[in-house]
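Take a look at the structures listed below.
Both complexes below contain subunit A, partnered by subunit B and then by subunit C.
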Partner chain A sequence: MSSDRFLAHTAIGDFLEGLVQTGYTVYCPQKEPGVRQSVIFAPWQKGLPISLEKATVAPKHLVLPQSEVLFRYSKHKESAEPAKQSLTLDANEIFTPTLLFASRPCDARGFAILDRPFLQGLFRDPYYARRREALCVVSLTCPSGCATCFCHWTGAGPSSPEGSDILMTEIAEGFVLQGITDKGKELLLASKLPEAGEKSQEATKARKAAWQSLSPVQDLSTAPQKLAEIFADQAFWSQATQACLACGACTYLCPTCYCFNITDESLDGENEQGVRLRSWDTCMAKQFTEEASGHNPRPDKAQRMRNRISHKFSSYPENWGSFSCSGCGRCVTHCPVGLDIREIVLKAIHAKTAQQNEKETS
Partner chain B sequence: MPALANNELRIVGFLCNWCSYGGADTAGVARASQPTDLRIIRVPCSGRVDPLFVLKALLNGADGVLVSGCHPRDCHYGTGNFYARRRLEVLKRFLPILGIDPARFSYTWVSASEGQRWQKVVSRFTEEIHALGPAPRFEAVEPLAKACSWTQESKGPVSVISPELLEQLKKAIADKLPELDCVLGWQEGRDLLHSVPLFIRSEDDLTKLRCDATCHNNLVRYLPDLKGQKVGIIVRSCEARSVVQLLQEGLISREELVVFALPCQGLLDLPRLEEALGRYQRLEDLTLTETTLRLRVDGQERVFQTADFRQSRCEQCPGELPAIADQSFGDFSGQTASQTLPPELAFLDSLNLQERMGFWRACMERCILCHACRNSCPMCVCRDQCIAESREPHWQSAEASVKEKFFFQIIHALHLAGRCTGCGECQANCPVGLPIFALRAHLNRIVSELFDGYQAGCDPKAVPPLLTYSQEEAHIHERSWE
Partner chain C sequence: MADIAKTSPRMLKGLAPRPMPSGNPYLPQTARVLDVIRETATIKTLRVVLEGEDAMQRFHFEPGQVAQLSVFGVGEATFVINSPPSQKDYLQFSIMEVGEVTRALHRLTAGELIGVRAPLGNFFPYADWLGKNIVLIGGGIGMAPVRTIMLHLLERASDYGQISLLYGARTPKDMSYQYELADWLKHKDLACCLCVDKADSDWPHKVGMVPEVLKELAPSPQNSLAVLCGPPIMIKYTVETLLNLGFAEENIVTTLERRMKCGIGICGRCNVGSRYVCTDGPVFTCREVRAFL
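Entry: the complex of A and B
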C-alpha cells in the first residue's frame, strides 16, 4: 500500500494540531516583520499563520542549537577534608520529539551532511544523535530555483529526498505527502490524511517542472582537487576575499556549517557552579584558530574564507565523498558585501596553478 | 541599621575610591542609619565606570544602579568625573529606548566628608527603587510582535549618476591611480540590482565602476584596514561623514587618502525592494531614473516608484557634504536636509517602556549573533579585539540567550555614542531585519540635545563630545538630592 497522502491547503492547521497532540513539537516557517522580512522556524501553536517561504535561517538549530548545555557542574568542599573538592555533574537529557514542517530539500540535505561527521565518524555525538533521532523532517519541494540557490550544482535538486522523512509537493488544492524513510511512512500511515491516489502523478509532474526551471548546471566535480592545488595561493585568496567583512553571517545562516566552541560559563561569578556550553562558532572569527600561545595560523580573512570554501568543496568531500554545501544560497543572499561562493569555487576551478603559471612564463 | 527583612531589592553602587567610598565610610563611622539594599563596588574614579557596567548590572538582575564620584572640579585625577558626567547623562537618556526605566539609574557626587549627604542619597535612591519595585527581567517579559511602518511622506528622488559624470570620475581616478595603491568604489554584484564593493587597482578594474542608488555599502569600513597604503575613495554624503569621523578620532590619516566626492539624492532600500520583488530566478535588465526603477525579471516587466523604496535614512541626511573632498564631481545643490525622525525611532517612541522591552525581546529571539551589523559598521574599528568575544575580561557568555544577544546590541550601540554617522549599514545588513538603527538614532538624538546639535562626522575640526568635556555643562542639569 502506498503511503502517499494528500494534505489540502485548508487542512494544514488540523494536521499540525494532530501532530502536536501526539507529542511532537512542530517547527514551521513563520514570517517575521522587520526592516527586511524574515522567515524563521518557530514552534507552531494553534491559530498561528504559516508561511511556506524558504526560511532566512537554516533549521540546523534543531539538531545543533546555537548554544546548548552539555552539563551543569557544581563543586563542593568536604568538611572533613577541606583541601579536597568534589564535583557533581548533571547532564541535560530531555529531548522531545520534534517535527520540522515545510523546510526545503536543501535544508533537509543539510541534516544528511551534518549526520556524517556527527554520527558516522570516530565518535558518535550523543547530544546530536538524540536530537536527530527525535526529529522528523517534512520538506517542501521547491517550485523553482531562485536567484542565489544552486542545489543542482552540488548534486541535488528542488525535490531531492536526501535528509527528509517526508517530501511534500504542492499541487492545485494542496500537497502530496510522500513517505521517504520508515519514520515518515509510519507517520503518514498513522495520520488521518486521505490517500493521495492519482494526485501522486500530479505531484510528479510538478516536481519535473521544478527541475526544468533551473538554470544550467555547472560541473563542480574537479573542485576538490583544484581547491587543494591552489590552497597555498595567497594571491588568489586575498583577491577573492578582499571585500569580505569577516562577520559570521554566511556560517550562521548555513545549513551545513557545524563548527562549535565549548566553554565553561560560571553561574555564580566564582566558577563554583556553572554550565559547560557548546555553542556555534564561526571560522570567520579570529578566536576560531587562535592558539593558547597567541599564535594564529589563520591571521586574516583570506585564510579564514579559504578554510570555509575548502572545507565545503575539498576536505569534506575527501572524507565523506560529497560536498558539504547543499546549495541553499543563503550565504550569497545575505552576505553584506555580496561575496558569492559560487563565483569563488568556479574561479578556483578555472584558476591556473603555480606550476601552470611557471610553464607559461618559461 | 534598619534591615528591610526579605524586602530588599538589589541595588548596585559604583563608588569612586577617593570621595564617595570615603563618604559612605564617613556615614558608617558616624553610625548614620542607611538602608541595606545597596551593594558597593569600589572603582578608582567615576571616570572608570563604563556605561556598560551599569547596563550589565541592570540586565542581570539589578533593580537599580547608582554611580557616585567626587564633585565636579574636585576629581582626584582632575578630569575623570567631567568625562563621567557626559557618559552617564547619555546613558541615563539612552535607557528608555531599551525599555528600562531611567529612574532605575542615577549618578551623583559625594565627597569623603559628606557622610550626611551620602546617607540622604542612598536613602532617597533606595526609597525610589522600592517605589518602582523589582525590575522586569528582560528574559521574562512578554515578547511584543509588532512592526514599524516604513512608508513615509515626502520622499525624494534617488541618485542616478549620468554617463558623462561617471566618465569624468573614471578619468580622474585613472589619472590618480598610478600614485595610489587602490581606489574604493562599487561594481555590479550577483545581478544588476545588487552592487558590491570594488577595489580598483588597474584600468581594467575601473571599467567595472558603478555609482548609482543601488550602491549601499559604506566603503569607509575598509579604510582602517588599509592604513599605511595610499588609498582613493569615492564618497557621498554618508561616506564623507564616516571619513570625517575616523579622521577626528585619528584612526585614519588624511595624507594617505584621496577623496573623490559625488552628490547623492538618496539610495534604494534593497531589503524592501527584494521583499516587493519576491522570489525570482533571473534579473535580465534594469533601468533606473531618479523616479522610476524598471526591472525585467524572469521575462516580466516590473516597475517601481523609487520614492516608495528610498532608504528612510536618506530623509535624515544633513545633505551638505563635509569639507573633505579632494575632487568633486557634479552638482551638489540638490541635496537638502529634511530632518524627519527615522521611522524605526518614531515607532519606538510610540511604545511605552514595557512594550519597548517586549519589542526588543521579540527581536532578540531572531538575532543569531552573526555580527554582520558590527562588521559592516564603519565605526567599529576594534575588528578582532571586540569585547563581545573576549574571554578575559568576560563581558559576554557564549550562551545564545536573548539577554546575551541584547547585551551585544547594547555594546555596539553604546560604543557608537557620539560617533555614529547614520549610514544605517548595521540595519541594512541584518539578515533577519532587526531595526537596530533605532538605538543609534536615539543616541544621535541624545548627543544632539546635550551638545548643541552636534552631529558626528560633519566637522573635521570638531572634537567628538564624548572625548572631551566642559567644566560647566550647558545642557546637563543634575538632579538635586534635597
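Entry: the complex of A and C
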C-alpha cells in the first residue's frame, strides 16, 4: 500500500497540531520577528503563521545546536585536603522528538552530509546521534531553481531524497507527501491525512518540471583532483580570497559546515560547578587553529579559504564520497563582499597547475 | 592525496549500521594527581592515576597515543602520554606552560582531580620496525613522545638493532628528565647523545643545534629508521639533514602537533588535507606530511 498522503493547504495547521499532540516539537520556516527578509526555523505553535520560503539559515541547529551542554561538572570539597575531594560529571541526555517541516532538499542533504563524520567516523558522536534519531525531516521539494542555488551541480537536485524522511511536493490544492524512510512512511500511515491517490502523478509532474527549469549543470567531477593539485598554489588562493572579510557568515549559514569549539563555563564564578559546552565555530577565523605558542598552521585567510573549499570539494569527497556542499547557495546570497564559491571551484578546475605553467614557459 | 578522483565524488558513501559504543567520547575519566615534577623553568611533569577500581589496569594504550587533559572550568589540551605502556602505576605527561590550560595544569598539586580522555590517536608502529636500527631524535618538549617510544623499545631491545638517542635543548637548564639522563647515558642498549645550543662551562656533552649535531653523528641510513619530535623549525631542518644522510622519506617518522578540541576527528581544527592529526596522527611518516611541515 502506498504511503503517499495528501495535505490540503487549509489542513496544514491541523496536521502540525496533531504532530505536536503526539509529542513532537515541530520546527517550520517562519518570518523572524523584527528582522527584515529573514526566515528562520523556529518552534511552531497553534495559530502561528508558517512561511514556505527557503529559510535564510539552514536547520542544522536541530542536530548541532549553536551551543549545547556536553556535561556538567561539580566538585565536592568536604575537606580542604585535595585528596579527599571528589568530582561528578553528568552528561546531557535529554533529546526530544523533533519534526522539521518544509525544509528544502538541500537542507536535508546537509543532514546526510553531516551524518558521515558524526556517525561513521572512528568515533560516533552520541549527542548528534541522539538528536538525529529523534528528528523527522519533511522536505518541501523546490518548484524551480534560483539565481544562487546549484544543487544539481553537486549531485543532488530540487527533489533529492537524501536526508529526508518525507518529501512533500506542492500541487494545485495542497501537497503530496511521500514517505522516503520507514520513519517517514510510518508517520504518514499513522496520520489522518487522506491517501494521495492520483494526485501522486501530479506531484511527479511538478518535480519533473522543476528539474527542467534548472540552469545548465556544470561538471565539477574533476574538482577533488584539481584542488589537490593546486593545494600549494599560494597565488591562486590569495587571489581568490582577496575580498574575504573572514566574517564567517558563509560557515554559519551553511547546512554542511560543522566546525565546532569546546569550552568550559563556570556556573558559580569559582569553578566548583560548571558546564562543558560545544558551540559553532568557523574555520575562517584566524584564532581557529592558532596555537598557544603563537604558531598557526593556517595564518592567512588564503589558507583558511583553501581549507574550507578543499574540505568541501576535495578532502570530504576523499573520505566520504560526495561533495560536502548541497548547493543551497546561502553563502553566495549572503556574502557581504559577494564572494561566490561556484566561481572559486570553477576557477580551480580550470587553473593551470605549476607543472603546466612550467611546460609552457620552457 | 593522489588517488582522490578514482571514485565518483557525486555519491555519498552508504551509512553502515554501527552499534553505539557504550562510552561517550566527550566525557573524561577522572584522574588524581599523584606527583608534580618541576623539569625546567617552563616545563612540569604530572603523574596521574585514573580513578576507579582497576582503572589503571584496564587502561591500555600504545606509545605515541595522546590524551586530552581537562582542568574543569578552564578547558582541555592535548598531551602525549610519555610513560611507557608497561608503567601501570600512573600516566605521565610533560607540560610546557604556554597558554591558559597549561597554566592551570602547572598550578595543580598532588591530590587534585583532572579529566582525562585517552587514549586518542595512532601510535608509533614499532612492530613494523623489528630488526631495524632506530635513531631517536628529541628537541625540547619534543623529548616527551620520544621518551615513551624509547622506553618501550628498550624493554624489548633484543628485537631491534642499535637504538640511539639524540636529545637537544636550548641550554642545560632546559633539559627535562635530568634525573634520568645519567641512566640513559650508561644504558647498555642505548647510544645516548645530549646536546645544547648554548652550553655553560661544566657541560660535558655536545654543543650545537640538533641538525648540526646529527650531521656530525652521521647515523647510517642502512636498515635504519629515524623518529623525531620537536618544535616545527627543528623538524624542518632535521628532516633535511636526514634526507641528506640518505634516509628515505618513509623511514623518517615524526609527530605533528595541532590545536585540537574534539580529539575524535570531527571538529575541523587539526586536519592537514584530508587527514586528521587527532585520529590519523599524531604519528606520520615524512612521506605522508612533507608538504605540511
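Just so it is clear, the second predicted complex is superposed on the first by the 352 of 362 C-alpha atoms of A that agree within 3 Å, B and C clash if a C-alpha of one lies under 4 Å from a C-alpha of the other, contacts with A are read in each partner's own complex, and residues count from 1 in each chain.
In this section, a contact is a pair of C-beta atoms (placed from the backbone, for glycine too) under 8 Å apart; a residue touches a chain by one contact, two chains touch by 3 or more.
It should be emphasised that the depicted structure is a prediction, and the values quoted were computed from it without experimental measurement.
Q: Should subunit B and subunit C be called a clash or a fit once both complexes are overlaid on subunit A?
A: fit
Q: With both complexes superposed on chain A, which partner does A:75 reach: first (subunit B), second (subunit C), both or neither?
A: It touches subunit C, and subunit B stays clear.
Q: On subunit A, which partner touches more residues: subunit B or subunit C?
A: C
Q: Counting only touches as set out at the top, which of subunit B and subunit C does A:288 meet: first, second, both, neither?
A: A:288 sits against subunit C, while subunit B stays out of touch.
Q: Mind working out whether A:40 is in touch with subunit B, subunit C, both or neither, as first, second, both or neither?
A: A:40: touches subunit B, not subunit C.
Q: Under the stated touch criterion, which partner chain does A:66 make contact with: subunit B (first), subunit C (second), both, or neither?
A: In the superposition, A:66 touches subunit B alone.
Q: Contact-wise, after the overlay, does A:258 reach subunit B, subunit C, both or neither (first, second, both, neither)?
A: It touches subunit C, and subunit B stays clear.
Q: Determine, under the contact definition given at the top, whether A:233 touches first (subunit B), second (subunit C), both, or neither.
A: neither
Q: Under the stated touch criterion, which partner chain does A:165 make contact with: subunit B (first), subunit C (second), both, or neither?
A: Neither subunit B nor subunit C is touched by A:165.
Q: Give one of first, second, both or neither to describe whether A:338 is in contact with subunit B, with subunit C, with both, or with none.
A: First partner only.
Q: Here's one for you: vertex at subunit A, rays to subunit B and subunit C, all C-alpha centres; what's the angle to the nearest 10 degrees?
A: 90
Q: What does the superposition give for the shortest Cα distance from subunit B to subunit C, in Å?
A: The answer for the closest subunit B-subunit C C-alpha pair is 7 Å.
Q: Overlap the subunit B and subunit C contact sets on subunit A and report the shared residues.
A: On subunit A, the overlap between the subunit B and subunit C contacts is residues 261, 263.
Q: In the complex formed with subunit C, which residues of subunit A make contact?
A: Residues in contact with subunit C: 70-71, 73, 75, 81-83, 85-87, 89, 91, 112-113, 115-127, 129, 154-155, 162, 220-225, 228, 231-232, 258-264, 266, 271, 274, 276, 278, 281, 283, 288-293, 295, 297, 307, 310-311, 313-323.
Q: Tell me, which parts of subunit C touch subunit A in their complex?
A: So the residues of subunit C touching subunit A come out as 1-2, 4-5, 7-13, 15-16, 18, 20-21, 24-28, 30, 32-33, 70, 72-77, 98-102, 109-113, 115, 232, 257-259, 261-262, 264-274, 279, 291-292.
Q: Using the touch definition up top, name the residues of subunit B that touch subunit A in the complex.
A: That would be residues 145-147, 150, 189-191, 194-197, 199, 217, 221, 271-272, 274-275, 279-283, 344, 363, 366, 368-372, 374-376, 383-384, 389, 391, 397-401, 425, 427-435, 437 of subunit B.
Q: Going by the contact rule set out above, which residues of subunit A touch subunit B in the complex?
A: 32-38, 40, 53-54, 56-57, 65-67, 144-148, 213, 215, 242-243, 245-249, 251-253, 261, 263, 265, 275, 277, 279-280, 282, 285-287, 332, 334, 336-340, 343
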